[in-house]
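Okay, here's the structure, questions in a sec.
Naming follows writing order (A, B, C and D), and every chain is counted from residue 1.
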Amino acid sequence: MHELIDYIQSYLDPRVTTTPGAAGNIFWATVYILLVFGGLSVAVIAMNWLERKILAHMQVRLGPMRVGPHGLLQPIADAIKLLLKEDIIPAEADAFIFWIAPFMVVLAAFTVFVVVPFGPTHAITDMNIGILFMLGVSSLSVLGIVMAGWASNSHYPLIGALRSSAQMVSYEVAMGLAVLSVILLTSLQGSGLGLYGIGATNPQAYGTLSMIGIVQAQQEQGVWFIFKFFPLGLVGFFIFAIAMVAETNRAPFDLPEAESELTAGFHTEYSGFRWSLFFLAEYSAMIAVSSIAVTLWLGGWLRPFPNALSGPTWDLVFSLIPGISFLLLAAMCFYNVARMPKHPLFKIQTMGLAGFGAVLGLIGLVMFIPAVRDRVNDVFWFAAKVAGFMYLYIWYRGTFPRYRFDQLMKVGWKILLPMGLALLILTAAMGMRTELWAQFQEVVHGL
Amino acid sequence: MIAKLKGKYGSGVEPLTYLGQNYMIVDRSLIPEILQVLHNEEQFDYCVDITAVHYPKREKQFDVIWVLYSFARNERIRVTARIADGESIPSSVPIWATANWLEREVFDMFGIKFDGHPDMKRILLPDGWKGHPLRKDYGILQQDNEWVQINLGIESGQ
Amino acid sequence: MNPVATPFFFYLLAGTMIIGGILVITRKNAVHSALALITTLLAQAALYLMLYAPFVAGVQIILYAGGIMVLFLFVIMLISIERAAKERQFNKQWLVGIVAAAALGGLFITIYTTTTKGKELFPEGRMTYGESQNTQQIAALLFDRGAGQYMFAFEIASLLLLVAIIGAVVMAKKRI
Amino acid sequence: MTDPTSLSPPSLETHVEAHEKTFLDANELVINMGPQHPATHGVLRVILRLDGEKVMGLECVIGYLHRGVEKIAEHRTYTMFNPYVDRMDYVAAVSNGLGYCETVEKLLNVEAPPRAQYVRVILTELNRMASHQLWLGTHALDIGAITPLFYTFRDREEILKIFEKYCGARLTTHAFRIGGLQYETYEGFEKEVKAFIKFVRPKIDEYEELLTTNRIWLERTKGVGVISGKDAIALGVTGPVLRASGVKWDIRKALPYANYKNFDFDIPTGQNGDTYDRYIVRMAEFRQSLRIIEQAVDNIPEGPIMAKVPKVIKPPVGEVYHSIEAPKGELGYFIVSDGSTQPYRIRVRPPSFVNLQALDVMCRGQLVADVIAVIGTLDIVLGEVDR
């Protein structure tokens, strides 16, 4: 018990600079695991509601409005329905694999979050091979999909699974190249240093695969990698942004689940709880790849405009934004409370919405407390950036038709892959430009 | 054109007009030849419809009717052949591809067989169905109860 | 970071690997075999982690479990399993196989126990590589200007793979 | 010229045989699509033979919605059968009614009075737009764009409101009677139609904005489901599908019925006969329909709305074939009268049924995803295919 208190105190000390996992602090690691996975589940539920609402408003309709005020309780109703539904295993299916496949997909999608850095100290652990681990584990989810498709013993799931595996394996290549270009950039510590310390005074300036290290590199270099070597960083970001949509099987690359062609793709035969696991996995995979993109290109937990608006005053202003945005949400809730129809039937709904607004407002107020403010700020900016990606996902879905399979492959292999290779070479050349220039001049002098 | 055909085939072709619509009654034996001529020489390149009518009291019970249209002449014509029950008629699939399903429907509804059709089977009704519903002796409430019982597992479809 | 319950995890992972390996060769259903193989490979990745080789572990997951096994499954699924399962799968060479395996195992044991060089390959005690620098060390070993020894071999290996890919395409496709 | 037998759809047996032969041959696969499938627009069953994802051939199995409309007709009087035709192509019920009424009028040798003709044209063209809107929404949905569906349904609602106000029904309208119209137009009919024209013009641009230049849409539709004009004629394909293949043929111009000859409009055509051209042709037809409605609504004459038709309709003995340009193609009625109050035989020449036959030719060598696109672009209604 005494040790436990020590643990807690040790982490609450503001001088702590390392993640609980890396510090070997099992208590805090456990707390973080629970926090991250609890938060993830809440995020998936929130995404469910948001996707339906945003998509509905894009399509001139209202979306869920019945369960709770503005359908706020709809995802919970859905979850209860799914859990109570009969869990059917087709007679001809391979029962064991059919049973284990969804768990495998969920496991892969969740394990990834072990290394996601929500802040310099807000991560379960900091791995030396962080990004490699993320790519590797998220590529395992394709195994689950393939197993699900095969075990269903039915044509549509099989074709869905085949498409899915081909698609994910193809886009991983382009994705990997884009990621590599960022890893090259991380070795450019400070200005004037060459790639991987070549031509530098300190030859040990290696790059890093650690997720936290990548963000710290951006902090040190004073630029988000999306703007580094303009437009090279931007191109890399776009390659990744396209590949990540394909990786997560979302529109316009949602061929494995193309409703009009393959009914529901690899999870056609699944129902109830097991189906909801696929749903959970899909959304958490979306969040996972978005957080990779945010970490690698958008400065992770760093606040926007670190250079233009620097100094302690601006720091303070930016640290107030989380609380203010929650208060804004609360204000929106109260505005809608005022707009609710004044009818006895709507009484409970109105009260519910008001309560929801009150909770949001309270959270906002708590965020103004300095101790909380400093610790939450990183997480807020990270979450805000990821939320931007989530909105993009929904927007894509509302706008684009679906690619055909061969076109999808063409985009992956004939467009993104060559672009990724060129990007890698150009990034390396830019990183070593002083070296190369010197060598070039030497050659010219020799002539 | 009609006169030309009449001159060529004599009594086998009987051209008629009703309400400004041309049609001709053609002897069954002349059917393949006349359709070929209409398609190749008279440019009736679009087979609008193939259908049949059942006259149970007549000796030759069925009228098989081709509705043809020519894009070049902007003209429609109907060709009618009279055949007896159980008699078959040459298929016009080699002339117009569209005849495939139309002939299958005629077979399905009237039981008229088309010789040389690539895939002569029922189209709208299920394969094992008994009876041809558009014949006049097929009652409006009649159905293949046996088929319904075996395939749908219910006593009756009504 | 101090390791927790090292022997327990070692035996757990090693046991998983061996059971997985046995399942790979005994399952009739090719998909089940592939899954057992994946389990083996993942357990092996975990073992690498225990050996303070996170980079190798990561590569093991991304390449073997995530890449090669997906392609394996891809191919297996395209073949009609129900009918393939009925076919006779094993050549009657298990006797030869056992003899060969026993001979190889015997060779390893002999070398390890009799010669001094064999023991040097497996040093006693725990290796003490810094976990946080593992990836960088591998990079240095491969590519560093001064100390890199394996760059040529590495590139040759990738060229070999390229040749293999081209060969496979030529053999599989009659008309390119 | 292509051999017609090679154009006509193959039989199921060829697919089954192929399935039997292909043990361990990783490529060939026979899959069944439907009859319950989200993209077959009803209860259409398609048996596909695939080489990987490439379609080697397919067969449609139809008849799941067969109701024996032609048999029912023989046991109803001419007037009683009128509502039944609405149930065939239920998204273009007004066109069906127009075709039927005109055919019986032809048999009776009467003509609807001019005022009735104008109202008929307005309603039929509105219905053509409603049908095309439904097509656009579902077609885009099949290709993966979900948003156009909601846009088109929002605007189709306005058309249905006009129908509802005119005749009380939205879908199966039974708007016309043999000899003219049952009801006089309601108060403010012209104004509402004009308001609708004004309302829908920018909406059509909105649909086009979403799709016409969308890269993915172009890639999914260009060069997909190509059918040449010659093949289309050989297969009896009509309507926008034929026009997209470059054949400038529209019954409204070629063999004018109602009073279409009084209106000024163009026949939009395509060149390539692919899915994109069919899309473009139908989008252009929206605008042409609006043009026709605009001219008609400005010039509705005063006068009676019913021709002199006896209470009990007993056409003289004879047979007649008459067809109109329905939204989906040539909709023909062949009616044989034996002089009694009931038709001796009514044959409906359904455009969807005949167009669907071309599916096999259009899909051969394409990918599975294209089959979906082609079914969508053919714009079939299973109620009409199966009758």
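The definition used in the following text is that a residue touches a chain if its C-beta (ideal position, glycine included) is under 8 Å from a C-beta of that chain, and two chains touch if they have at least 3 such contacts.
The structure presented is a predicted model; accordingly, all values stated were derived computationally and were not measured.
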Chains in simultaneous contact with chain A and chain B: D
Farthest-lying chain, centroid of Cα atoms versus that of chain D: C
Approximate Å spacing (C-alpha centroids) for the pair chain C, chain D: 61
Chain centre separation (chain A, chain D; CA means) in Å: 46
Interchain centroid distance [CA atoms averaged], chain B/chain C, Å: 70
CA centroid of chain A to CA centroid of chain C, Å: 31
For chain C, residues contacting two or more additional chains: 78
Residue ranges of chain D touching chain B (in the complex, touch as defined): 3-5, 7-11, 62-63, 66, 68, 70-72, 74-75, 106-107, 109, 231, 233-237, 247, 249, 254-255, 318-321, 323, 330, 332, 334, 336, 344-345, 347, 349, 353-354, 356-357, 386-387
In the complex with chain D, residue positions of chain A that touch it: 55, 58-61, 155-156, 159, 251-252, 254-255, 258-261, 263, 397-407
Residues of chain B touching chain D in the complex: 18-19, 21, 23, 45-49, 51, 53-54, 65, 67, 71, 74, 76, 78, 93-102, 105, 109, 118-119, 121-126, 133-134, 136, 138, 140
Parts of chain D lying in touch with chain A, wherever the complex brings them together: 29, 31-32, 37-39, 53, 140-147, 149-151, 154, 210-211, 214, 216-217, 219-220, 367-370, 372
Residue ranges of chain A touching chain C (in the complex, touch as defined): 22-24, 26, 94, 97, 127-129, 132-133, 135-137, 139-140, 142-143, 146-147, 149-150, 158, 161-162, 165-166, 168-169, 172, 196, 198, 206, 208-209
